[in-house]
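Two complexes follow with chain A in common, the first pairing it with chain B and the second with chain C.
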Partner chain A sequence: MNVDIQSLGTFNQLAHEGAKQATQSLAQMTGIDAVVDVTKITLLDRADIGEDLAGRDFVGVQFEYEGVLEGDTVLVFDAESADTIADALMAGASDDPGMAQSAVKEIGNIMMSGFIDGWADYLDSTIDHSPPEYIEKSGAAVLPEAPETGDHRQVFVFKSEIEWVGESVNFYIYMLPEYEPLAEAMVESVDTEGDAIPIDKLQTFNEMTTKGTQQAADNVEMMTGIPTEAEVTQISFAPIEDVPKQIGTDTYVGTVVEFTGVPSGYLMVLFDEVSAVNVAEAMMPVEMDGDGLDDQHKAAIEELGNIMTSGFVDGWANVLQTSVDHTPPKLVHDMGRAIVDPLAAQVGQHQEHAFIIDSKMQTDDIEFSAEIHALPNEQELRAALDDLDVDRADETEADVEQIFE
Partner chain B sequence: MPDVLIADDSEFMRNLLREILEEDHTIVGEVENGVEAVEVYKEQTPDLVMMDIVMPIRDGIEATSEIKDSNPNANVIMCTSVGQEEKMKEAVKAGADGYITKPFQKPSVMEAIEDVVPS
Partner chain C sequence: MKVYDGSQTESGEEAKPERLKVGIAEYEVTTDSAVLTTSGLGSCIGIALYDEPTGAAGLVHIMLPTAEDVEGGNRAKFADTGVTELVEALEAVGASAETMQAKIAGGSDMLDFSENGSSIGSRNLDQVRATLSEFDIPIAGEDVGGDHGRSLRLEADSGDLVVKSANTESVVL
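On to the complex of A and B.
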């Protein structure tokens, strides 16, 4: 199966329009002023689906759908918001648990009908869905089981995030289509062959990136003594304007580099502020005085970012039998979106959509987590994938002793 | 004790290398880009240069090439986070005598130095 950039863009737009339709339905029913914040298509390992929901309790509704597309979809929101949302539909509904549950089901039903109908209309076919099933679970368990994918471990997930304006309430729509019907729908919507990417190469690239993340995590462990595990690696596809929103509004400390070669682009290594201090202190030979980040912490973070960046991209270069150069790391300390904005603007001069490669790593020993985000030039990534020999995918490491014999 | 020049744009990494080396080596200079590395090399002609690759102004491979042009007997060990085969081949072509990838620990640094400048 090939996916072409135009059909990915179209499908992303479709999910976005569906989420907008769902948001309008919500507004009509409840008066809630909400906006679609982010819509993206993600290719990731089945085991990693919903990793971003960890540690939170959710309520919502789940549907099965079948027709031109088949699979499951859910609309969920934080459990603590359930009463507020139920009361917005019917004053006092939250006083009666049965009524509150019914209200949530009805909101979900109407919102998701709009979402699914949009897909059916675009695909000029019908998609039937089951009655809504009320769900109340924690973390990734709130999502349906990942669809069967035959030989493929990785699956496409469509995710939209809807924000209730002025309230800290977010709705999440996850759509997990089965592979074959999605593949057929994508093939039928292909307008041009020229920009198509074979899906097996995209999956291979994702696997290479997973190895790169583990290498970066190993490098952290070697420099700090903190046992560090790669957690999630995924490739997402989204409109350029949505890219900064995905990093969020939390404050990060880290490094940014521009990389050149095939592909070129930008790469960020980001730590939350507490993690930045912890990891920098773990790198210091002596205990530091005072709180917060001083110049020595920043120098340590800069070097760690440099080494993590290399660990991440070297595997690409070795498998692709090319070199990927990068600039010296530039230290950043700002809100996530503010860090990404100028980079997305640069990339956006040449393309309307972007592939975003996201990796996370963390440890249980101390409070530490790190994220790596890469924003490659889309045309050059496509060229690199054209050249990718999937049989070389394991050859991510260079043999320095052989070269220097 | 052998004289060593450290070229790395990271202050953190220069400090780390200095701590590893100063017991058995004389550090004749610490510089943060390839241009300074060539200048200080020509002034001091140390026994060994520990050279980073990714540096501003001029990278470590260009600087190595220039140092080797000026003195083919110069000893240069690339000391870098870059673990790419093509980059290693470029380093060999520029005349590098050894290659250590970051992050490293003292034994691997000392072993690489021993290979290039036997005690």
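On to the complex of A and C.
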């Protein structure tokens, strides 16, 4: 199957409209004022779905739906927000577990009916859904089983985040459609002439990025002695103005490079401040006095960012069999969104939507995690994938091993 | 039958001004002293317009200089159409461009890799100034350029624009 950029754009728009319908229903029925924060389509390995939910408890509702699209969808929020939500629906509801549960169920029903109707409206078709089922689980377990995809190891996930204005409550909608109906709907919704990307190439590319991340993680381990694991690699698609929202408003330290070649684009290696200090000190020969981030830490981060970038970019270049060069790293220490903002603007001069490649790595030894985000030029990425020889798919494992030795 | 009117959330609390979040390539307008916020401005610019006679205020978060080459896109994404959109939205609630004042922040040159030509931040800034001057709207305060990110809070009851940066003190424009 080929997915073209346009249909990804259209489907992202659909998910966004669905989420907007959900918030409107919420406002009408409850007076809760909420806004859709982020909507994106992500292609990732089945095993990695919901990785970003790890370590938190959730409550919410789950639905099955069928019609022009089929699959499962959930609406969840942090368990600790449940009381706030129940009380907003019915004062005092949080005191009674039974009532709280039915409040959650009711709000889920209201929002998800809106969400699914939004999709059906835009596809000009019907989608039926089952009654809501109350769920209460931890981390990724709260999400429905990913659909069987036959030969495909990776699945498309539609994710929307809705923020309740004035409260620190976020609603998360995950929709996991069955592969075939989704593919059909995508093919029908737009013509695939011209700018199509074969889906298997996108998957191969994802796997290659995982190898690149592993190489970057190995480089961290080499320089710091801290065993570091590559965690998640995913490729998402979102409107350019939603790109900076993928990163939080917290302060990050890291490096940014521009890479040139096919594709060109930008690559960020970002550490939260605690991780930055921890990993920098692991690289230093002597114990540091004082706390907080100083110039020595930053110099260490710059060096580390450089070597991580090289590992990552070399992986791409080898797989795509093109040459990808990059500028010397620029050190950044600022709010996450403001770091991404100028890069998204650069890319946004030529395109409405963007692919965002996200990787994470972490270690059990100390509090440390790092994120790599790449923002390639969309047309060039498509061209590079077009040239990618999928017949080599079987060999890629072997190839990659050779490449990274 | 339950009645959902949201009223229970307001009882007993001191009335706090409503808070409206303005995302990238979005704008909001208020006539009842809401607080308008936007975060993570790098090369983007936040343009706050305040019309003292009516108390109307608005904030737009633009990303790129001009909508010239884009058809049917989101007008709030660009400096030229974004400023125009905000002026029109304020006029629609009774404000007049003749009495509006502007405060602007953002347009930093951080992470500018362009070796020739000016950065997006400074081109954004040029376009914002040009469009505001087309409407004869004076710029009453600004915190622009540099190489750091900013977040903004527009307090519509006073027209104050509070600019926060990751590594420095807040500035009130």
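Note that in this section the second predicted complex is superposed on the first by the 389 of 405 C-alpha atoms of A that agree within 3 Å, B and C clash if a C-alpha of one lies under 4 Å from a C-alpha of the other, contacts with A are read in each partner's own complex, and residues count from 1 in each chain.
FYI, contacts are C-beta pairs under 8 Å (C-beta built on N, C-alpha and C of every residue); 3 or more make two chains touch, one makes a residue touch a chain.
Bear in mind the structure is a predicted one, so any value in this text is a computation, not a measurement.
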Report task. Mind checking the superposed model to see whether chain B and chain C fit together on chain A or clash? Result -> fit
Report task. Could you tell me if A:Met222 is touching chain B, chain C, both of them or neither one (first, second, both, neither)? Result -> first
Report task. Classify the contacts of A:Ala19 with the two partner chains as first (chain B alone), second (chain C alone), both, or neither. Result -> neither
Report task. Have a look at where A:Thr327 lands relative to chain B and chain C in the superposition and call it first, second, both or neither. Result -> both
Query - Partner chain in contact with A:Ala91 - chain B first, chain C second, else both or neither - result: second
Query raised in the report: Is A:Met283 in contact with chain B, with chain C, with both, or with neither (first, second, both, neither)?
Result: first
Query raised in the report: Counting only touches as set out at the top, which of chain B and chain C does A:Ala299 meet: first, second, both, neither?
Result: first
Query raised in the report: Where does A:Pro244 make contact in the superposed view: on chain B (first), on chain C (second), on both, or on neither?
Result: second
Report task. Identify which of chain B and chain C touches the larger number of residues of chain A. Result -> C
Query raised in the report: Which holds for A:Leu44: it touches chain B only (first), chain C only (second), both, or neither?
Result: neither
Query raised in the report: Measuring by CA atoms in the overlay, how small does the chain B-chain C distance get, in Å?
Result: 11
Query raised in the report: Do chain B and chain C touch any of the same residues on chain A, and if so, which?
Result: 327
**Report entry** Residue ranges of chain A in contact with chain B within the complex
**Finding:** 219, 222-223, 283, 285, 296, 299-300, 302-303, 306-307, 309-311, 314, 317-318, 321-328, 397-400, 403-404
Query raised in the report: Mind pulling up the chain B residues that touch chain A in the complex?
Result: 9-13, 19, 54-56, 80-90, 92, 96, 98-99, 101-103, 105
Requested in this report: Note which residues of chain A are touching chain C in the complex, please.
Outcome: 29-32, 35, 37, 87-91, 163, 165-166, 240-242, 244-245, 249, 251, 256, 258, 266, 327, 330, 332-346, 348-349, 352
**Report entry** Residue ranges of chain C in contact with chain A within the complex
**Finding:** 2, 4-9, 18-21, 23-25, 39-44, 63-64, 70, 73-74, 77, 108, 110-113, 119-121, 148-151, 166-167
